[in-house]
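One chain, chain A, appears in both complexes that follow, with chain B as partner in the first and chain C in the second.
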Partner chain A sequence: MSASLVSVPTRVRRRNKYLGLVDSALQQAVAYRVLALTGIVGNMLWIVILFAIWRAAFADSGTIEGFTWPQMQTYILLAYGINAMVGFSSASKMMQAIRQGTIVIDMIRPLNYLGTQLATTLGLAIVEGVISFALTIGIGVIFLDMQAPASFWHSLLFLLSVGLGFLTKFLFVFCISLLVFWTTSSVGLNWTQTALVNVLAGVLIPIQFLPGWLATVAEWSPLRGIVSTPVSVYLGREDGIDLLLVLGLQAVWVIALWCFADWAWKRAFRAVEIQGG
Partner chain B sequence: MEVTTGFRPRTVPSDASRGARMRFLIRIYLRLIGLQLRTFVEYRGDFWIGMVGAALLQGSSLVFIGALFSRIPTVGGWTLWEVALLYGSTLIAYGTREVLCDGPWMLRATINKGEFDRLLVRPLSPALQTATLVSSIHGIANAALGWTVLLIAAHRVDLAWTPWTVSWLAVTVICGTVIVSCVAYLANIIGFWEPGTSSAFPFMISNLVELVKFPLEIYGWLIRVGVTAVLPFAFISYYPVLVLLDKDSSVRWAGYLTPLVTALMVGVTAWLWRKSVDRYQGVGH
Partner chain C sequence: MSASRIPAAVTSSIAPIGEPIIAARGLTKVFRRPVKPPGLKGALRHLVRPSWTDFTAVDAIDLTIQAGESVAYVGPNGAGKSTTVKLLTGILVPTSGEVRVCGIEPFRQRIANARNIGVVFGQRTQLWWDIPVQESLRLLGDIYELPADEYARTFAHLTEVLDLAPLLAIPARQLSLGQRMRCDLAASLLHSPPILYLDEPTIGLDVAVKARFREFIRTMHRENGLTVMLTSHDLGDIEELCDRMVMIDRGTVVYDGALDAVTTRFGWERSLHLTFTEDEPDATAIAGRVLAHRADVTFTQLDPSRLDVAFDSREVTSGELIRDLATHLPLADIRIEEPSAESIIRRLYEGQLQFDDPQVSGGAR
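For the complex of A and B:
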């Protein structure tokens, strides 16, 4: 055995392992950019539908539930763009890994599973998020009556809130995907996850429109942090103490979900059952 | 030695009467679908999660419709329960197709892996075999939700149950299912030209069905023409429901064309299917 083979460089370039995962997920998404793009465009159909419905609704009245027509257009576009950051594909990726057993790779990595999944999702979100945001804002500004943020401060807080919203959705999807350890099937769970986010986060309709009890649930649920809170901040619907309260609620839920997720994956790994292999 | 499976696989002699051939095809089709459905019962937990998930996903857009109409009386001249009729009929067609004709969605993967060869050497129409490549049991949940919504809506709009409305409803549901099934074939035969396993194109095409859950009045001319003349999704819900409700509309007459449009759609799909299968070259093994 030659000495050169066993000689280990004394200083390995210490690159953050999680950043490496972000990078590889990012490159994967770039490599399949046509697929990502068609997926995003396909999902934009709901923007068309929502736009058409609300246009018809606003034809008869100036404001509905405190929303003007330009505000509603802005809501539709932003809600879609923000929600697309952690898309259906990111969720299926996490679920498929568990279902198909490739999770063993993650299990033998000396890394925190929650951290590795966050890194991968972030990599995908950077690409998909950039594409869908560029598209929605482009369409919004050129074709529609999209409003600017309420103020400079609102736009800064909006970015903060989008970041927290990203974490909220990631953590929620992560927790749901852990259920695949027990169910061994994923698509039904992914639909359930999508349905809950659609309603409680305010993706399809602002949560103020929901019927009484459901509106109360949505108002306090963590999911409002995904879409409703950031968009409300952008539109300047919350101000002063209310603004701090909704952002505080968003942050508290992120911390709570993180603690739960960190406990849950360790618990789930004990239930692991790899099919075949 | 004879293996008893309760089903004697036999080909029908080519000189058999048309009726006998038809009965044979229907029987074998139902057998194949039943076979696919049985695989779901194997995983009972998954079965229920799939059903609940499918119903919840559709339910989320129902919540949207309900919440919207709680603030506004009509959209594009349509009330809540009239829109619910559109929604219900679309969902019934969609769900029934998921059970009876979900196979085309496996087509690209089948072509890509070269497994389409297997279908071609069997003494049974490849189109029929394609239809039964898979059957998604959660379609039952979607169809059941669709029927529930449709029947409640029919009650709320005071639809009179006469022999005419009942038979027109049957025509609507059957034609709708056939149209979405044709779209499933049309969207996926792209696999014969572009046999990659992952393409969002078929999904984009079939997803357009979402448009006709709402009245066409709300859309611009481009979408109206698109879902009427290019891919006739509007004949699943909008046009037949105009007739069912006897709604005062300048395009109500088009509703009576529903069976004709469906027949046309089947013809076009069959023609394109034959052309596509002729192109199939295998993947070289």
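For the complex of A and C:
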């Protein structure tokens, strides 16, 4: 009888349930490391393309909208590295859970859904984001003219801002994914989400480069917190009161989005029958 | 709402004696469905002026289940079984009516309710697909906040009785269906819930695995007092696991009572299985001619050497039928089949039998 061979794993201690979920998501991401790597390679391609375009643009003039060429290179690299933390696959995971009805499994457990999704996304981000971020910076330092953070304090605030940016993107994608309850399809929503972030968060081009009215929208929208704010902090484009203001705006938006996401989740869940049931 | 402040673990184990563990009164769920005329034109019209129709999936159901019962919740596809289970798990909010599980309203306190229930879905796993089973179970221990010693005890017990030891290191996606089901059972019972919902649990399992599965559930039910609610189309599951049957059709309860009572109620159904000494392709026609004067006899011929005769034992005896048929057909062998719950339930689904007797319909309890 094989039962006698069981070594009961002695658990050292109980983990917090959401930390447990982060840990499991991490293990799952490692299981799908090939997928993660293809995503990273895809991002690298974008970096190469953007690099080529901007080099041409900077060939004639030394600075554009206050950006020097080395600053612009740093911007491109950081923008992609940060944006990859909550990638396309994290977003599809959230949407698939609703579309395929696996959400039912989460709901029969004593779990808060928003917390569960955050934990899962965080686990994925640790693997995909950290690898992609490290690679990006590695390439930047070795092959490109990547700049160091403006100062030690700027680098600390940059990390804080990246954390807030992660939450912002997670909450934004979470809210978009709730629309799957009504659309029952996720492809269009995921592309919409990506397009909005690419433009309004400053992934493709710094939001300062957008046409006037759109620049104003982008400046006040929560999405700038995903990429534009952390990169600006890194480059030292904001200082003093302005620095505190952009970080404050980022934090306020995180709180507002969290409250909205929680409310929207409850509404969506009440209003719509679970798909596939 | 004083009960709401009592921790779930306490409410579940010290449910007042005689108080039902599951109680639903007038439980109703109405879904709103879009009405989309066919084609692109229809889709566009719906976009401009959406119209909706109400669909009552569960219609004023009364259901009382005592702790320690095992109840088969059956009905044809779309009868409202899954919707009822979702209402009991708190995933759906009732349109009207009352529902309490272990004294808790599931939709108001979904998380407290979740600690009292285990759910097994035959069609989807609750294990994390890509991590070893052992890690999935550990994570569930965290999610249900089980103390380390309690977790170790339950884990060791379930590992032994379900023989999980060889599977623990394997990710769920690499398990066979039977292995996965054993692990899913462990996952659903790890937090020792007083209630277990089984949703089509044996779908796709082979005969041997099915038998082990039923044996395990029976033991948990008889020895540990687990309350079991089973929705299944597998009548073997129903006959072997449940004493009581609740049948719903189009959202309403059409039968609620002992499983035996169904057999008694429709016990006049009999079948003769005839085997011939030589092939007789026209057996149906011959038998039809011979028994033309009898109304309630039907024939099924699966191959030339056999004929099945279904009849109503109130109208005619098997002796009379055999005597009439033996003179015209080359009978070699005769087997008489008593009605099984299986054949009766199948015919109930197909609408060939009706619970038109008020003493049976809902009155058995």
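In this text, the second predicted complex is superposed on the first by the 258 of 277 C-alpha atoms of A that agree within 3 Å, B and C clash if a C-alpha of one lies under 4 Å from a C-alpha of the other, contacts with A are read in each partner's own complex, and residues count from 1 in each chain.
FYI, a residue touches a chain if its C-beta (ideal position, glycine included) is under 8 Å from a C-beta of that chain, and two chains touch if they have at least 3 such contacts.
Nothing here was measured: the structure is a model prediction, and the numbers come from that model.
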With the two complexes superposed on chain A, say which partner A:17 touches: chain B (first), chain C (second), both, or neither. second
Looking at the overlay, what does A:49 touch: chain B (first), chain C (second), both, or neither? first
Of the partners chain B and chain C, which touch A:266 in the superposed model: first, second, both, neither? neither
Is A:102 contacted by the first partner chain B, the second partner chain C, both or neither? second
Chain B and chain C footprints on chain A, overlapping residues: 32
Could you pull out which chain B residues touch chain A in their complex? 43, 45-46, 49-54, 56-57, 59-61, 63-64, 66-68, 70-72, 75-76, 138, 198-201, 203-204, 207-208, 210-211, 214, 217-220, 223
Complex interface listing, chain C residues touching chain A: 31, 82-83, 86, 89-93, 110-112, 114-115, 117, 119, 121, 124, 126, 128-131, 134-136, 138-148, 151-152, 155-156, 159-160, 163, 165-166, 171
Using the touch definition up top, name the residues of chain A that touch chain C in the complex. 2-3, 5-6, 8-11, 13-17, 19-21, 23-24, 27-28, 31-32, 101-102, 104-105, 107-112, 270, 273-274, 277
Chain B-facing residues of chain A, complex: 32, 35, 38-39, 41-42, 45-46, 48-49, 52-53, 55-57, 60-61, 64-65, 182-185, 187-192, 194-196, 198-199, 204-205, 209-211, 214
